[in-house]
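Two complexes come next, and they have one chain in common, subunit A, joined by subunit B in the first and subunit C in the second.
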Partner chain A sequence: MARATKKTKNMDNETRAKLVKLAESVVKQVQKKENPIIQIPTRSLSNVHFDPKKKMIRMGDQKHSRMFFNTSMARKFMQTMLVASTVKGELLRSGKTTSIRDLYYMMKHTVEGTRENTFEEQDESDPIIEDLEVSVDSLREELHLFASNKGAMVGDMTIVDSGDTIDLRRMGSGGWSIPSIVEPNVVQFKKVNAKFILLVEKDAMWRRLNEDKFWQKHHCILLHGQGQPPRGVRRLLYRMVNELKLPLYVFVDNDPWGYYIYSVIKQGSINLAYESQRMAVPSARFVGLSSFDKDRFKLPSNVTIQLTPEDINRAKQLLSYDWFQKAAWKKEIRNMLRAGVKLELEALSKKDISFASDEFLPKKIKDKDWLD
Partner chain B sequence: MARATKKTKNMDNETRAKLVKLAESVVKQVQKKENPIIQIPTRSLSNVHFDPKKKMIRMGDQKHSRMFFNTSMARKFMQTMLVASTVKGELLRSGKTTSIRDLYYMMKHTVEGTRENTFEEQDESDPIIEDLEVSVDSLREELHLFASNKGAMVGDMTIVDSGDTIDLRRMGSGGWSIPSIVEPNVVQFKKVNAKFILLVEKDAMWRRLNEDKFWQKHHCILLHGQGQPPRGVRRLLYRMVNELKLPLYVFVDNDPWGYYIYSVIKQGSINLAYESQRMAVPSARFVGLSSFDKDRFKLPSNVTIQLTPEDINRAKQLLSYDWFQKAAWKKEIRNMLRAGVKLELEALSKKDISFASDEFLPKKIKDKDWLD
Partner chain C sequence: MATATQSRRSAESLAKKQREISVSEFFAKNRHLLGFDNPRKALLTTVKEAVDNSIDACEEAKILPDISVEIESVPEKEDRLIVTITDNGPGIVRNQIPKIFGKLLYGSKFHRLRMSRGQQGIGISAAGMYSLLTTGKPIHIISRINEKKKAHDFELQIDTTRNEPIVVRDEELEWDRPHGTRVRLEIVGRYQKGRLSVDEYLEQVAIANPHLKMSYKSPDGKGAEFPRAVEELPREPKEIKPHPHGVELGVMMKMLHETKSRTLGGFLQSDFSRVSSGVAQKICDMAGLRTNMRPSRAAVREVEKLHKAIAKVKIMNPPTDVLSPIGEMNLLKGMHKQVQAEFYSAVMRPPAVYRGNPFQVEVGIAYGVQGHGSDDSIRVLRFANRVPLLYQQGACAVSDSIVGTAWRNYGISQSRGSLPSGPIAIAVHLASVWVPFTSESKEAIAHYDVIIKEMKLAIQEAGRRVATFLRRRQRQTKQLQRRSIFERYIEEVAEACNELSGANQKRLMKQLQDMAVRVTKIEEQKARKEVSPDDFLKGTTSLVIPENAPQEEEE
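Take a look at the complex of A and B:
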């Protein structure tokens, strides 16, 4: 919570300094009677590339200028300053965090002496927040803004969350609900016996593995992100992999959406390329479902689902991405296209309700039968 | 988890006995060389009514017959038996739980000697599960089936979940993730200091209240269900209200969707009318947002959002429901329609980021300014 620990204060001071620097540069320009300009790194596809060395999707160096004395930019200039000022004046000052929707409401007002609103809709304020993130190089979480709370975690580890010690070995059937902000000042890792991390796409499979105490038998950390993992889950994965030096396995449906979930965890996404270096986990391993698993594990034929035209298009698109150019991945995706079917995690239950916990996953990991 | 506690065993034995009774009645009919028939309570609008005494939406007494020797019913008859048999033979036997999607996969196979599949799609098996629930009068959770895990909880209470003691006062910023199955054999309540329960529609507002330690200052239990609360959250509310004798306050957006969320918690839904008596909380109180709160709490005018034509239609529909016939409710809904605008929980942040925690909710509860 809002406890002003030393760590929190340090992080906040750093973010505050960045925002003050931005404001001061504008003030200086005003004092020199220049047209105030802010430089904003460009967040478009043209400025995004796959970095084969770092193995992640990254943003390039292109920037564009946002000027105050420019009829097409003045409104956005004002909005950028307003976001920066509200984050510093309201959130950092009070030590409180809020949602991006809430921030929109906090900032929305009619400019004095005019009939002009600062923001009309949230879709005006969201991109400005992203502009500010890249301009001052602060993650949204460092600006005290959160996304939705999604996902749960159990496992062979104790954590501290906002000063509360939470033993993830004693979290029952529900687990610890993963908050949106998991920066080091909020969440710390303690007493870690886990040997690896397993991220499961679906909460139903997560529940099965938790009920089977998979994490206890195999000494791991078990989490799900309810489909595409939200920022909190991705950031937590990043931190656990880098700080605890644990391997990460990703367990998803065999369909283009499952491949995509894996790829966002591994190398980041095009839209949020500027966050890759603090979110992406290039060492992540894909343990399935693979399109070869149906034969390898002798799953019955009636558990497959026909690919839709949309699935087929999406799979072909994935084949064209730089980050799916490894031979093994091309083979994997082409095999799915050839078979014309997809497989959900639930298909494993057809063999036995605990087949995933008792046989599939242990064998996959033991045999190093993964894609990376 | 699957620990075979005494409570679990008792509950499972009861459910098993009901399923066996259903099967035996079919066997008897076969032995008498009669056409096997199952009686299934009718789950359609015609068999649903609002019970003004119990103050909940309930299912009537209509039943229909499902026969084996009837070309239009034989397939469904087989499916009903298959669901009952899989629940008993796989889930109750092993003490394991699963999702309804998983159950679909477990049951799907080609009938021997034919090219006929037991089920083609999950939308065939889901209604059969509901048929079985009403036929043997067992909640889905008692059949060891779960819905999605959604929602989180903190507060002035300790619980036991699957044998693990969890102090909800020490759950950090994340909270305990509410599982889908919260029956007494899984979740028990201990050391309860809470004086009331507060259900919040949105996780962002939940997070704000948790960060402000609202539950600590006001001794309450604080939970959210990520929008429309899932079954686990509704069942948990029911149990806490009835077993702990605590009042329940519901805190939602001021729009037809917020009214609807409240009404489902309070008197159940038309679709799941047969579950009202084990899910509905007729004593639930609506603490806002009310369409009168904008004036009462002097919220600025630019925090409102225009009602869409869909909102207006939905609001008019609510006005026609039996359970919205109280004068105060008609006034509330008509006032929203007259103003032509809706209000989100975030609108309160416009006054101050902690306005909801520090002023709005304490005043609402102190002044008994609620609708019920």
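Take a look at the complex of A and C:
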């Protein structure tokens, strides 16, 4: 993926300068015999707020100090510096882009004189990359990093991906695999006949809708993000909604995790609040499953699953978030808690294998039966 | 059941069988009372009595003691041992030799109140009697009082009925020592290593007597050298008169009859300590007796009145500067010399008084004793007037004081009602003009409340010092752990900075390393080799042996 356009070169220079500055500040502190500190904007609930005007979650100014001479931080400090130096030394220098999994392997080695690795798991390196993104204010793609492809898309539209023209009507049963970086220099939208976008939580329901040619009948773009959608899928949704002016519907399980998937797409997430501006789609609509759908669509009672204590806690947490304060949402969540059960998308197939594509979704969209 | 054939015996016929029992005869039948219960203990008691006498004699003559102890087995005779103890003491004049070694209850120590190792005059003659009873061999003594005179060479036996020495040989001899005494006894005894052994006894003697030089040869051809750690003799203990509060009625009667004073007032003032004419007057007034009455005329009823009056009158405590404790520094040196450990401390209590007798308690403690498991009970070393006590640990006031101390407060594990466990050796010394033993074999100190209280106070202080040491070591370990975490990542961080901004990697590493040391600062420690007991942390009478210090080479 080496691309040496002038724009990316400028961007790389900027990123390089930010990383060098990080190291210089560490060296300077050491020379002053001060405990070296990296300031990292805090990525937690305490440092985000809901911006009601922009209708999205924004990150606050809180920072925490990651210091070297602190036993619980020394390792993370070392890891942060290692990510920075590997990005500069390996990726920016060669102009190549790599996956965060690759980077994990590039950085992983045994710390000299110990039996300890610089990173034991990828789970350890991923959050450090996010820390570096916020502390030097460079996005993942600016650090020449991407995540593995996740999610798939089909629909009434033609796109160009890395120079290859792709007709999303002819993607077979698997669809187009959505890359982690979908910036305009990688993905461009061409012929678009779709009238709306439908994001499905899970692969199984997506396959059913694809097989039923739902996107063809209803002229839409159909995609899924394999559960909580990754940044690539979210960024793509943002671009399609804003560039193609299409409405976005979200179709998820009726449980707290489904609600939260919708809320991340709509308002952004706590962890990646600094990306909200580039990813949040405040106009997104929730078409189901709602806790009222079981009665409304007369689903058999044996399709429900008991809420676990974890589900209940999570639902209560959602009720406390600023962005779940609309009356309709409170009603929705409380109704689920009252019933004490959750519903998966697959529950719809109990009535008829194509119930979702033939009746449920068309009726919901026609009746404007959604939550905002 | 009485039958008709048995006739009553008259008092006269019974009287024919009643006669005086000599002490020697008593001993012959009751030798366990003096520590000759079995061959193993008999060997220990023999060595102990001879060594105690030798050190006492040297100290009284102000000579730094230099003693050799030799135990040989007798060829082809099992359980037979020859014990030879030689000292560099003042020697004994010729006509005293038979009495000292051949007559029980003869000595200079019973009739006075003065801190000394032996106190009854039984010890060495009892060993001689034991030797005679078990092997039939006489006790052999060589003694020389100065260079101008030849040494005397004696062989003695004891007439057990009359408690009198029998001189078997009395000759003169050329001896290579200018002065000193050698005692040689053949006994039925058994040499064994381990707990309650002669080896252990001599090791403890060395701890409590750092001014002693001693060489030791055991029957297996091995042995030990105990070098001198202190070049000064202990302060000479002073003799004191009895304190009125410590004297019992019977003793008081005896003293009244034997005194040289002609008046009761004079008697009280001259035969007791701390009785002024005012105090004597007060006692007499309270007893309703005249100060000018003749002491020898006092009737039993009057003595009783006097004794009661004394108890009611407030009398100043006896002088306490008469004792000669080991001293904190010297106890520390003694412990350090004989016990390999990581931490040592010594505590001395001010003198106190029990039943009119001044006494003083000292405690030495060692933590991290080598070869001592952390689940084992701590090692207890008991001393009375510098003499190690090995037997009857459970019956001793020292054990009660240790068990009665709450060791858990000091981070040391202890089950209820038992000795604490851990790599600890604790030495408790009681110095007194009269050590209250529970029995004549002098194995355990009696349980006087005030003695136990003083012991506990000293043990508690020692325990606190161990706790402080343990806490500090824990802090140090923690700091070292912290430091190792920082040090682990220094190279990675420096390398990353070098890659990012071209910073000098080596310099950055050095700077970070210095900082790592600074933020985990711990007190600098001397290496073991450099520590001499004279360097003991000044004023604190504690010594810390640094971890990772080079071990002393085996000799």
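Basically, the second predicted complex is superposed on the first by the 256 of 372 C-alpha atoms of A that agree within 3 Å, B and C clash if a C-alpha of one lies under 4 Å from a C-alpha of the other, contacts with A are read in each partner's own complex, and residues count from 1 in each chain.
We take it that a residue touches a chain if its C-beta (ideal position, glycine included) is under 8 Å from a C-beta of that chain, and two chains touch if they have at least 3 such contacts.
All figures in this text were calculated on a predicted structure; none of them were measured in a lab.
Q: One more residue to check, A:349. First (subunit B), second (subunit C), both or neither?
A: After superposing on A, A:349 lies in contact with subunit B but is clear of subunit C.
Q: So, A:271: does it touch subunit B (first), subunit C (second), both, or neither?
A: Touch status of A:271: no partner.
Q: May I ask you to decide whether A:75 touches subunit B, subunit C, both, or neither, giving the answer as first, second, both or neither?
A: In the superposition, A:75 contacts subunit C only.
Q: If we overlay the two complexes on their shared chain A, which of subunit B and subunit C does A:104 touch? Say first, second, both or neither.
A: Once the two structures are laid over each other on A, A:104 reaches subunit B alone.
Q: A:166 in the overlay: touching subunit B, subunit C, both, or neither? Say first, second, both or neither.
A: A:166 contacts subunit B only, not subunit C.
Q: I'd like to know which partner A:242 touches here: subunit B for first, subunit C for second, both or neither.
A: neither
Q: Does subunit A have more residues touched by subunit B or by subunit C?
A: B
Q: What is the contact status of A:39 with respect to subunit B (first) and subunit C (second): first, second, both, or neither?
A: Touch partners of A:39: none, neither subunit B nor subunit C.
Q: Between subunit B (first) and subunit C (second), which does A:89 come into contact with in this model arrangement: first, second, both, or neither?
A: Second partner only.
Q: Would you mind listing the overlap between the subunit B footprint and the subunit C footprint on subunit A?
A: Subunit A residues touching both partners: none found.
Q: Give the list of subunit C residues in touch with subunit A in this complex.
A: 482, 485-486, 488-489, 491-493, 495-497, 499-501, 503, 508, 511-512, 515-516, 519
Q: Taking the touch rule as given, give the residues of subunit B at its contact with subunit A in the complex, in rising order.
A: Per the stated touch rule, the residues are 1-2, 90-91, 94, 96-99, 101-102, 104-106, 108-110, 117, 146, 148-150, 152, 159-166, 170-181, 186-187, 203-204, 206-208, 210-213, 226, 300, 302-303, 344, 346-347, 349-350, 353-354.
Q: In the complex of these two chains, what residues of subunit A are touching subunit C?
A: Those in contact with subunit C are residues 19-20, 22-24, 26-27, 30-31, 33, 35, 68-69, 71, 74-75, 77-78, 81-82, 84-85, 88-89, 111-114, 116, 118.
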